[in-house]
Each structure stands twice: as C-alpha cells, then as structure tokens.
Amino acid sequence: MTITITDFLVAFGVAFCGWALQTSVSGITRKTVARMQKRYGPKWYQNFRDIFKLLNKRAITHGWVYDFGVIMALAGIIGTAMFTPVANIVVFKGYDNFFVFVYLFAVGMLGMAMSASGSGNPLASIGVMRALTQMVGYEVPFMVIVLALIHVRDTSSISALVDIQQASGWNLVVMPIGTIVGFICLMGMLGKKPFDTYIAPAELASGPMVEYGGKQLGMLMIMHEIATFVEISLFVNLFLGGGSNILEFLVKYFIVYTLASYVSNVLGRFKIDQVVTFYYKIPILLALIQAGMLVIFGWGV
Amino acid sequence: MKEIKLFLGPQHPGMHGNASVHMYVEGDIINKSRLVPGMLHRGFEKSMENRTWMNNIGLIPRVCVVEPDINEMCFAQGAEILNEVLVPEKAHYIRMLILELARISIHLMSLGGIGGPTGLYTAMYWAQADRDLLLDIFEAITGHRVYHMYIVPGGVRKDLPEGIEKLIIKTLDGIESRLPEYEDLIFNNPTMQSRMVGEIMLPAEVVWDLGVTGIGMRSATGEAYDLRKVNPYARYDQVEFDVPVATYSDAYTRMKLKMLEVYQSIRIIRQVLDGMPEGKPNVKISRGSALKWTVKEGQIYSAVESSRGEFGYYMVSDGGTSPYRVAVRGASYPQGLLGIEKYMPGTRIDDAPLWFDTMGICSPEIDR
Amino acid sequence: MAKKANIKKDKVKKIVIDKSKSIIDAPSGMFSDKINEPFAHEMIVSKDRSENLTPKQRKRKWKSMANYFSANSLWMLMYCTGCCAIELPQAMTSRYDMERLGMGPMATPRQADILLITGYLSLKTLRRLIYTYEQMSEPKYVVGFGPCTLNGGIYHDSHAVINQLDQYVPIDLYIAGCMPKPEAVMNGFQDLIDLIEVGEATGWKDYHARYEWYKQNQKEALGEVMIHDEFHE
Amino acid sequence: MMNSTNRPGMNEMVNELKARFNVEEVTFVQDHEAHVDLHRKDLHEALTYMKQNGFRQLSAVTCIDWPNEKIFQLIFNIYDWSKGNRFIFRVKIDREEAMFTTITNIYGGAKYYEREVHEFFGVVFEGNDSALKQLFLEQWDDLPPLRKDFDSRAYSDRKYVKREYKTSFGEKGGEPFERN
C-alpha cells in the first residue's frame, strides 16, 4: 500500500479532530461533574479558552532541553494519534499495529519526561519519577490482557481486532474480567484519581508540570488532550468493538471517558507505593486469570 | 538516594494558610522538617496594647481566621472575671450557641479540607456548601459572616433576631441528614481509608511530650480531656453532651472524632435553643463611653476549648483603659512547631499536607 | 449569571476612572505612551467598520481577541496571604462557583494568571510575594483584597505589616470589605474580567516600565528582597 | 480575686508548695486557677515537682515587661488535665540582664515558647541554643517588638509608606482627620 499526501492530511485531520473532540468532551464532563459537586461548572468550551489563553501568553524558557522536550512530546503524540483507527477511518491501513502505539506513545512520554527534568525543579523530577513508577504498575496487567487477546485473535492490528469484534461480538463479552482490568489500567494511563499521584497538586504542585507556564503549558495541554483521545480510542477499539460508524464510536468514547471521570470524582488519591502494590495485587491477578481462561481453556472465544 | 530539599509552601496548594514547611526528603521519605512560621505575623499582642479594651473587640477575632469566636469568648470572659461582671444567663446561652455553631462550621471545613490533600474535591465542595449555610445563620444573628465581634464583655452585642430558632433548627436538620453522606464519601471510601488508616500516628506519649490538646489528645489518651467538661465555662455544665474519645490516634480516627463532635454540637445547640432563658442579653458594664471602660488590675488566664484544643489568653491589666499585656496561647502551637520538627520526619511527603489538616494546624494563631 | 457579551460603555468608563486613581501617586513621566493608551473605545467602534483596517488596527483586533481569551480563563494562584482568603473557598465552591467565570485554582505561579493578595502582608510574606509575582508568566494581574492592601487597614500601626501594597507590586483591582463577602469577590472578578477584555488591566506593563521604582520601594521596606531560606535548627 | 478555693486538690497543692519552696505570694483568680509568685531559683524544682504530681501539660511560657520596676516577669502556665487544676508560676528576672535557665529538660514543649520569648522580649534562655535564632520575624532591625519601650506605630510610620489622602471629607474640606 502506498501512502499518499492525502493520507497524511487525513491523518492530521484525525489528530486534530481527536483533539477537538476530547477537549469538548472533557469540557462537557467538567460540567456534569460540577453538577455532582452541587454547582454549575464552567462553559463546555472552557478548555478551548484555556488552551488559547495559554498559547497567547508570553513564554519563558529553562533551556533548550525544556523547549525541545515539549515539542517532542507534542509531535510524538500527534504522530500516535495519526495511526489511531476511528470507526471506519483507518488512515495507514496495515500499520495500526498495537505495538506501534506502544512505541510511539513512549516517544511522547519521553519528551515530556525529558522536558520536565530539564526544567530543573526537584518537584518535577519527583513527578517524573512517580509517573514512570506508575507506568511500571499499570503496564504489566494491561500488557498481559492485550497479549492474551492478541494471542487468541491471532492479530495485533487494531483495525483487524475491531473487524473481528464487529463480526463475532465485543471483547467485553468475550473477556469481561479483562475489560475491567483494562479499564483500571486506563484510569492509570489517563492519570485519573486515584492514580493521579504523579500530578498530586497537594504535595507536588502538579508534578512534572510545575515549571510550565504560558505557551509550553498550552502545548502540553494539547498534548494531554490528544493523548487522552488516543488512550480512550485504544480502549474502545480493543474492548468495546470500535464502531461501525462515527456516531457509534463517539457514543462509546463519550461513555468511557465520562465513566472514568465520574469514578475518579468520588475517590481519593493513592500514594505512589500504594499505586504499585494495588496494580500488582488485584488487577494482575485478574489479568492472569483472564489470560489463562482465554489462552489455556479457550473460554469465550 | 540523594537527599534533596523541598519547600512546602508558603505558596502551595497543599498548605493550610500562609506558612511553610522546609524539609529534606530522601525519595519520598521526609528526613528532617521544620515549620517556618511568621508569614502571618502582625504583632497582635503589641497592637492590643495600643488599643482600648473595647477597641480590641474588633481586633481579636482576627487572631484565628477560621474560628474567630473563641477569641472573643476568651477576651470577654477574662475581662469579666477580672472586673467581676456578672453576665446574664441568656448571654451565656447565646454564647454557647455561637461557639457551637462555629465548632460545626470549622469541623465541616476540616472535613472538606481533607479533600484538598487527598484529591477528593467533591467532599470539599459539599462541606463548603454546608458551611455556607451556617455562615448565613451567623450573618442573621451578628451581621457578619466570618468576624462576628458579637461576644463582648458583659454579654453579647445584641439579642437574637426573632424566628432565628426555626432557621437554625432547619439548617442543622439538613446538615445532620447529610452527614451520613460525608461518612460514605470520606470514611467508607477505600481509597481514603488507605490514605488515612494507620497513617500519621500520634501516640499518647507523644501527646504529653508535645503538649497537644483537643482532638489530638482525646484521640490518643482515651480520656474526655475537654475544657468544656473539665473546667466548664459559660453554661456547659448545664447541657448534656458526650465527648468522643479514642485510644488509637491515626489520621482516620481524628477525622472521625471531628465528625462525631459535629453530632454532639448539634445536640448542644438543640438543648440551648430549648432552654433559652428570658431576659436581657447583656449588662451595662460602664457608665459613659464604653471606650473609657477600665478593667481592674490583675492577671488572668482565660481558656476555652477550640476545635484544635485549649485556646487561651493570658491577660494582664494595670487598671488602665487598654490591656497591659495579652499573650495568646494558640491551640495549634505544639503540634505545629514542635510536632513538625520532631514527629513529621519518617512520614512521606504525601502525608505532610494531611498532617496539617488532621492535626488541626491554624497558622494565623501560631504567628499572631 | 447574565453574560456580558457587550460591555456597556458607561461601565467601562467608570472602571477606567477608578483605575486611574490607583496610579495617581506614581511619579509622572515614567509611563511610556503606550501603556496608558486606552483602546476600549476603539475596540467597540472597530466592530462596525471591520473591513478597512490599518495594520495597527488589525493588530488591535488580534489583541482584543487575545484579551477575550485572557479574560475568560483566569487561573488564580492558591496563595492565601491573609484573612480574606477565608472567603475564597466559599467563592470557589458550590454556592458561588467561581468556575462559572472560567476561573480556577492553580498549583504553581508559572501556571497562574492572577495573584490574589488576600489581606494584610507581613514583611516575610512580601518577600515571598515578590518572588511569586516575578515568577508568573505574563500577562498577569493582581487583585488586592480589603483595606489592608490599600492603607494597612486595622493593622496600620503594626510593626510587621506593610501599609500600601501598590508601592511594591502593581495592583489592577481592589475589592472592598473586611473581609469581602463572596458576592463582592465575584463582582470584583467580573470587573477584572471586564477590565481585561478592554485591555485596561495593565499592571504588569507598569511593572516593566517602572521596574526601578518598584525595586527601590521594595528595598526600602525590606532591606533586601533576597530570601535567606536557611533550615533553622 | 479570691484568697482560697474549695476545689479539691488546689489548697493541698498550694500548701505543699509553700512548705517546699520559697513562695512569695499565691492568688486564686478563678476556682481552678492559682497564680504563684516564686523565687527564680526555685522554679525548676517546683516545675519538676508539679510534673510528678499530675501537671503534665505546659500550656504556655510567656513574659511581661515592667519597665518601671526594671523587671521581666516570666509566666509558666501548667495544667493538670485529670483534675482540671491550673497553676501559673511567675518569676521575676532582671530587665537589663535578661537571662534564665531553660526548662526544656522538664517540659520539652517549652522549646518554641522560649524561642518566642527571646524573639519578642530578648530574654536569653541558657541551655536552649535554638532559641537564639529568629522565628517569626525576618531580618529584624530594632528592639524586640513586645518590649514596652518599642513603639510599633513610630516604627511603622518610619519604615512603611503611608497612603496620603488628599480628598476632602465632608463640609470641613481638606482638614486632616484627627485621631485620639
């Protein structure tokens, strides 16, 4: 398959629309969460205003590593988003392998970590350290589940997985325990409470982001929104059968994100050691059980 | 691992008030820590010497921002005892009403405040919304939301407005009916339990070593060491209430005791409203201008039970129109300064903001 | 809350007059012309004839858009310098819900747009406040609460509390009351938003222009602005 | 002011103190509160004795400045929670040579109270070295602020810029507002 310039444009379109979508959805969620907290909340487009305001502010720099890391993070995440299959839009067909996501995602995170450490603030270094620790926590159960899935479905292409699910039922039905584990890991990926230890405003003053202000923070916010878009799309595609059309995909997307926000709204924050022990206890056990059920006994397939 | 120096505050979302904790951390564990107070130092004790006894009523509520009424009570009580003023029965009851309402309001703030360090912002929003209803009551009674300047030597400034009882009962019923929700949200919440149970211990020996009073003391020693019971002031000996105690003092227990104290305060307020005597709410303490009111020569320590423990004024009068010297004993002095120095090391940096909330540390009363 | 899409002319005028009062003490001639240039009026006019814009006007239009974003997404720094901070939680939470105005608390000065000086400032705080203010990224705004920031208020004779804050950092808006009720706080923030939308909240430009003057005042009160944050044993 | 009290434990304690130490004067201010003027040499032993007899809490250490008599009066405020009795020990020290021996070996909680007294009055506590550093104030450049001969208003006028009000108030117009 040849990749044309149109494909690139469409891919950029996916990334851009993903950003716009996630920013709106999170705005709506802010509003609904506010209702749970007995208040009205901001306008649904508040996040757009925040981002544009930040891009409009004056930038300060803490050295070239700091600046370059932000650009690298943003570029890495946009690159990841370009591969994301949304409903029936799969731009680079055949390249939307799960492992592509894993590696490309790491580029973005690495850029973020590099930049944050480059800012020289001790709180940022602690935050980065915690973020990496947390990653070690949720990656293991998530990988166990996804590898088991790949093993039984015999493909690691996301769009192929979606096609199989469209034909023979969602993975939610095939592996309910695995979906729960996947959702818990998704909460960790998104940095929703109780897994927002690396941001922890109370003691770390927003952790890696502590030294960011102005344009860089705006870029990081864009990056964060796109990263959220990629992660939730991945979850929808892996476990909820993607979408046969855009609308179905959007509905699933909205439900997953809103659910994650609501759950996080009534939970406190773990300490970092509690995060790791939590992931290494129940989710990993459940993940192994589910993997055993799938791979050894072949239940549900 | 390398030891690094961290500043917690003064500008920090996890801090309660304007104070700073300097600490050396290794990984996440705090090795050494010190409170750096004085950012709220206003020279209260000096300013009070420069003002007349009556002018001071406007100044003293500002010693502790979140809980101003105890200051007024201390000051008024001390001046009355020195001057042998007999306060009418009704004033005592109104004072109890105000003090207990203030206690509920600060406990609600603290219950919600636990949401800050632990990230449970919903609790913060709920508790502040409920606290606001109490501030409405204060506004109706005293005319101010936070600094009431209501308890004055000789009684209270003015009588209760008509029909306020209904508003108070209605508000308290509402708050009491919502307290189980707080219990579900904060105390039965597994993530919150993992943050609070067994964390930030305060054993009984430490209590005596530091001189911690209030909830910290009661939760560790298991004795009802409450000034309202031990040395009843106002008319606390005429109302029935229990003092919740415990023998295992972790963050969870202390928060729970605050919650239980809210129930008891509601109970007291109900009794106060039922038994409210008739009569005048104040006596005239001076002939002519109140600004020229003098207090007889003498020294007195007047203490009341605040939400954080024993809060007292050591007042010295030389018979003049202004106090000769007033020394404030802030209730959070021991746990705030010495406690952080001696017993915060060993906890994690995640616990440092929680320390402030559960120990009950109010930086304005430390700095003064 | 009624959204003020069109700022009423008389309201703008009123605020502009208030603003000029607070900088009246400053030595004259220190302002560059641009800082005091009010473009509130032009902005309202330029809506009508938007086709034939000169480059300068076009820049202004872009500026007004920028002002719109700055005004409607104010992140405040959680720094409680004094008593008035006790009413901020009320203004922030359910009953008054500051987030309706797009305002929210932020953890670090780098991320924040407004610095709320909630009440009196002791010398020790002022030193840290100057650090904090200089760390914030521009444009930044300062709101002074209560009389203590204006003239010392009830602590006018205290040995530890400064009396007139705008000598040390530029203030864009004062909110009256001791302490200001949440209604007053919300109203003040709405006024600040209006000021920013018309480009009148220029305290940070003033700090640039009269940097020497501010530094001089800071040194006079503080001795040295440097913080010696030694670990007291 | 009362000369005696009916509260259990108070009178016995006062008599014990009178028997053991050089007590100058005892006043009962409230039922549960006795003020005991002690000679400065007896204070530490008295505090130790009291701590052994249930007074486990040190509520405060503070100081009063009497410039006319040229003394500082140090106040040690201790409390017995189980009985609810409060004793306040007062000792006089010389104002010019304000020195006293620390009580941190008896009540550990006194560490910061002594530091505060040193900062605000200039009383040096021997044996409590940390008390010599500043705690609340920063780069303080005058007399200790709570001494009677320190005028905080004059200091404030000298050091901080005051806002000048040129606006006229009412009909009198332009006259400076007189205070006191």
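When the chains are written out, they are named A, B, C and D in that same order, and each has its own residue count from 1.
The criterion applied here is as follows: a residue touches a chain if its C-beta (ideal position, glycine included) is under 8 Å from a C-beta of that chain, and two chains touch if they have at least 3 such contacts.
All values reported here derive from a predicted model rather than from experimental measurement.
Chemist: Taking contacts as defined above, which has more of them, C-D or B-C?
Modeler: Between C-D and B-C, the larger count of C-beta pairs in contact belongs to B-C.
Chemist: Using mean CA coordinates as chain centres, what's the gap between chain C and chain D in Å?
Modeler: That pair's centroid distance is 42 Å.
Chemist: Quick one: report the Å distance separating chain B from chain C, using the average Cα coordinate of each chain.
Modeler: The mean C-alpha positions of chain B and chain C differ by 32 Å.
Chemist: How many angstrom between the C-alpha centroids of chain C and chain A?
Modeler: 37
Chemist: Please work out the Cα centroid separation of chain B and chain D, and write it as a whole number of Å.
Modeler: Computed from C-alpha means, the inter-chain centre distance equals 22 Å.
Chemist: Touching two or more other chains, which residues of chain D qualify?
Modeler: 135-138, 145, 150, 152-153
Chemist: Touching at least two other chains at once: which residues of chain B meet that condition?
Modeler: In chain B, the residues touching two or more other chains are 5, 12-13, 38, 41, 43, 46-47, 50, 125-126, 129, 367.
Chemist: Of all residues in chain A, which are in touch with two or more distinct other chains?
Modeler: Where chain A meets two or more other chains at a single residue, that happens at 37-39, 201, 205.
Chemist: Judged by the touch rule stated earlier, which pairs of chains are there in contact?
Modeler: A-B, A-C, B-C, B-D, C-D
Chemist: Mind listing the chain A positions that touch chain B in their complex?
Modeler: 36-39, 122-123, 126, 193-194, 196-197, 200-205, 265-274
Chemist: Which of the residues in chain C end up touching chain D in this complex?
Modeler: 25, 123-124, 127, 150-152, 156-164, 167, 217, 220-224, 228, 232-233
Chemist: Taking the touch rule as given, give the residues of chain A at its contact with chain C in the complex, in rising order.
Modeler: 30, 34, 37-43, 46, 49-50, 52-53, 56-60, 201, 205-206, 209-214, 217
Chemist: Which residues of chain B touch chain C in the complex?
Modeler: 5, 7, 10-13, 17-18, 22, 24, 32, 34, 36, 38-43, 46-47, 50, 58-59, 62, 65-66, 109, 124-126, 128-129, 131-132, 135, 145-147, 364, 367
Chemist: Along chain D, where are the residues that touch chain C in the complex?
Modeler: 130, 133, 135-139, 141-142, 145, 150, 152-153, 155-156, 159-164
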